[in-house]
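Going by the order they are written in, the chains are A, B and C; count residues from 1 in each one.
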Amino acid sequence: MSRLSRPAALTLSTAASLALLAAGCSGDGGSSGLPADQESSSFSAEGDGVRLGILGQCEGPFGGFHEDVVAGTTLAFARYAGASPNSSTSALEGFSDAEVAGTPIELVGIGCGDDTADRILQEVRRLVEQQGANVIIGPLSGDEGIAVAEYAKGKPDLTVFAGISGSQEQTLQVQAPNYFRFYGDGAIWNAGLGDLLYREKGWRKVAVIADDYSFGHTSAAGFVADFCGVGGEVTHRVFPPLGTTDYSSYIAQLPDPDEVDGYFWAVGGTGTQAALEAFVNAKGDLTGDRHAGNFFFNPDLAQALGTDIAGAHIGGFATLPGDIQTPEIKEYLAAADETWETIPGSLSGNEPAPPSTSAAFGFFYGYYSAGVALVEGLKAVDGDISDPKAFQSAVAGLTLDLPHGDISLDENRSGIVDVGLSRLAVNDSDEVVQESVAIVPGVDQTFGGTFSPDTPSPGRDFPKCEKRDLPWEGKAIPVVDGVPQR
Amino acid sequence: MAHTGTAPSAPSGPPGPSGPAGPAPVVEVRAVTVAFGGLLALRDIDLAIARGERLAVLGPNGAGKTTLFNVIAGDVTPAAGSVVIKGVECVHRPSRYRPRLGVARTYQKARALAGLTVRENIYLALAGLRGRHRPLWRTAADRRMGEEAADVAHRVWLAGQLDAAAGELSHGQQRQLELGMAIATRPDVMLLDEPASGLSRGERERLVELLESFDEELTLLLVEHDMDVAFRIARRVVVMADGEQVTAGTPEQVRADPQVHRIYLGTEAPA
Amino acid sequence: MTARDLLTRSNLLGAALVVVLLVLPSLATAYFVNFVMTQTFILGLAAATIVFLAKYGGMISLAQFLLFGVAGFMFGNAAQETGARGLNLGWHPWAAVVFALAVTTAAAFVLGALASRSTGLYFLMLTMVYAVIGYYVFAQIVEISGPGGLTSIQRPDLLGPPVRLYYAGLGLSVLAYVGFRAVGRTAFGLALQGVRDDPVRMASLGFNVPLHRALAFTLAGFAAGAGGLLNVWWNGQIDPASIAIGPTLILLIIAVIGGISSFEGAWLGAFVYVLIFTYLRDLPLIDRVGITEARFNTVIGVIVLVIMMLSPEGLTGIARRLRRRLRPPARTGPAPSTGPPLPVRTTEKELGVTRR
């Protein structure tokens, strides 16, 4: 009966001493002396400044973008808050001297997600509850956004600026009053594409193929809502699982080219090319102008598929297509190059590259927008964040003048944005390039009522294909040679 | 439930037909054939064991003794034939039904439960028989069975090792524990698979002493490699070779049988 | 009697530890209590079910995290009233608790029964298959898992303040620790250890070996389900990625760090894991030696490797050895009273592979 008693004694004492040790170590952390049964940490104990935590991803499918997203926020402070980065070759070293209207911005930590909601929750709790962050910028991806928004809901004194997380629900359904998103969502980024194809290309019937997970569903939902809204018909919806390598059985479920006017693709990652190749094998040659896709369609596809892909239409992203070079955009890219010598961002394979390479892409830009929003919010309350409610309501009323277009928020604090549509085209040197065709102004989350807090999440069979009035219908601004014809 | 010296008394008998005490055999093996792959381990064996009989099965290695034994114990299902214990057809009943029929066995290689103590091993033999398999708390019944287990350990000279792990016992002590676990359930039929193997001379003496102390009513089936022990315990001896019965009779008859000498080639039986 | 003295001493120490943990919320920071320690209890509870099966049953299960997740998903589906995700049955929270535990226990029985005839490596592989299939079941059947997970799961009002969740974790952990150890001395637990040592022998003693294994798996599943409920209350959400193969292996690693044959080790391993994950990056200059957040899994892998090389029985094994070395040898002698000259061994199984 006495078995285990000796080891037990030892283990328990070890555990006890470890526990005490750790408790002692953490005592100087953020909110010492705080009874553990309070829901929120006391930020004001830390002084009047902004204690900022950034949520990125250092592991998982978007782990390569860790530098990019931190650099995005840093650039905003470098431009508008007098910050200087601690390193000229990496953003992860942090920054110093950021201050807005007399209020310092201190970076207390960078959270490291891995594209799962569980992990980002642990990271945000660490930043807020341990490091005492009172402002969070991030997260990066869709499911993370929902989890962080839910977390924010329970911490009313915390203010969160979403990074580039593209799920619809984080604002439309969660509706946390302290969670702000100054960019669009996965559905918004395809707004206007269906309208354009219906009007200008005469598409009436379309088959949709999209990844069978939340972002694929959301991306397809934006296209379906838009194309059906103007009167088009979606005849097929095919959802291959994420990570499929052999798409032939899913392509077989698509109609033949003589049955529909075109195909919409929301297949991401390595799947984009694999799925298109399977299409060529099963349905014959690619005719670019019979295809459209979300932002996973890019000129690199031509390397494997040849110039046949030219003519395909592409939805937007947080940034406008690269051929649009307004003075504001040029200034923004130049500022990035001035801030660092190099940044080892994802687009350069995490090798040192000019910072503007990263800055031109949406991930960097989303976090940049969030940083600008924080700065503008602070200005609006004259640097006084002692009343989080006042600060938050000031942020909700902001209209940001950003390089890729002005952004204001809807009543759920999600961005009302301009979406840049583009097309793959062959240039003079026979290369496939991305060419802007139109900017769809003022797109919001609801798609004229298709999506609301009471509707289900975008899914395999939601939304239904229904005609309805869209606010931006027929209002697309054409773009000629990279110049919007406003 | 303290029981004295000589072991099993009848009342803890099995459910089901407990045939007439006289002629009906306690264990009856009919035309049993066992094949492992293509190899015929047992060929058409018949064997009837009467109540209170002391029967030894002898034979060289590979004769099929242990297979026959495992068929009776339920660890091997024969390809053909039947095994009837106390009138109950048992061929397709797995080994876990045997204790209810009053059958206990030991193993050739000691298979005591190495991680448990001597007391716990014997306790489990008792709990297995009495259907106390799954309670998640201890009761007075458990304590009583623990005391019974101590009594049994005493009978097999393991009183001093009650709380020692079975895996720590010497080989001889493990055989004693095997026997203890068998007699703890007060079986009517006891199957002993080479109980003397690996024992020293002194330990063999103790083993024989213990086996001779058993109640007259107890039916004992012994598989033995060692003729010496077998002949001292058994009243009847069956000799097997190559999966078949060669001869049977009293120890004296078998000892004199020239066939047996041929089988035990090289070990000329002491005349 | 020496053994009894030791028992008392260990009980006293255990009680002292519990007292420390009871007053911890007024000593330590909210974060340490509500995050580090609560998570330690949750993971420790789940890891303890691995230890239970390995130590007593010789079965190393990779399916415990799946059952942990099943409970979470079932609670979420039953308790949520509105929202775009899950079944939104809108039941009373405690009814949802009963429902979640019932489903988890039933699932554990079915899975346990299917695996009840395999042992050792085969059992490990079979339960890994369970974990993988389980993940895909929840990932594919979006009606019960989202789509994309169940979010905003509220805990019952009784457990509203975070510190109550801490106490619930402490209470359940103590209960599981004491309970699992007590079960080891009951008829069920002794028979389970018998099954571990020699299933053939146990069958000949009259035990239904497969059923016994299945029931042990069920009991462990029930406890893992309780841990899973704590987890979704603590985390507020659960999605299929929560029960993917990564977290599943983490739980096994926790059990291995602590020592897979010791119940204390389950919580110790969980504590070490959470500490590493939470505080390692705060050590000064730690990023200068290349240990950044992205490399935590590597760090944990190295730690597991070192521990395994030092002692296959994890931290508790190391602690035991250190203690033996520090103590004067006089104390290691046998108990003098009823003693045979045999060493009275405290029965510890090495990595629970069934002996034949």
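Everything that follows uses one rule, which is that a contact is a pair of C-beta atoms (placed from the backbone, for glycine too) under 8 Å apart; a residue touches a chain by one contact, two chains touch by 3 or more.
Since the model is a prediction, treat every value here as computed from it, not as a measurement.
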| item | value |
| --- | --- |
| Most heavily contacting chain pair (counted by C-beta pairs in contact) | A-C |
| Chain whose averaged C-alpha position falls nearest the assembly-wide average | C |
| Length of the line joining the C-alpha centres of chain A and chain B, rounded to whole Å | 74 |
| Cα-centroid distance, chain B relative to chain C, in whole angstrom | 42 |
| Distance between the centres, which are taken as Cα means, of chain C and chain A, whole angstrom | 37 |
| Where chain C touches two or more other chains, by residue | 185, 347 |
| Of chain A, residues touching chain C in the complex | 1-16, 18-20, 22-23, 25-27, 29-32, 34-39, 41, 58-59, 63, 66, 110, 112, 115-118, 121-122, 125-126, 129-130, 142-143, 146-147, 150-151, 153-154, 167, 169, 173-174, 213-214, 217, 241, 455-457, 459 |
| Chain B-touching residues of chain C, taken from the complex the two chains share | 182-183, 185-191, 193-194, 196-198, 200-209, 212, 215, 219, 338-340, 342-345, 347, 349, 355 |
| Complex interface listing, chain B residues touching chain C | 73-75, 94-100, 105, 107, 111-117, 120-121, 123-125, 127-129, 131-138, 142, 160-165, 168-169, 181 |
| Footprint of chain A on chain C - complex, ascending | 3-4, 6-7, 9-10, 13-14, 16-17, 20-21, 24-37, 83-85, 140, 142, 146-149, 151-152, 161-164, 166, 181, 185, 235-239, 241-242, 247, 262, 264-265, 267-268, 271, 275, 277-279, 292-294, 297, 315-316, 319-320, 323, 346-348 |
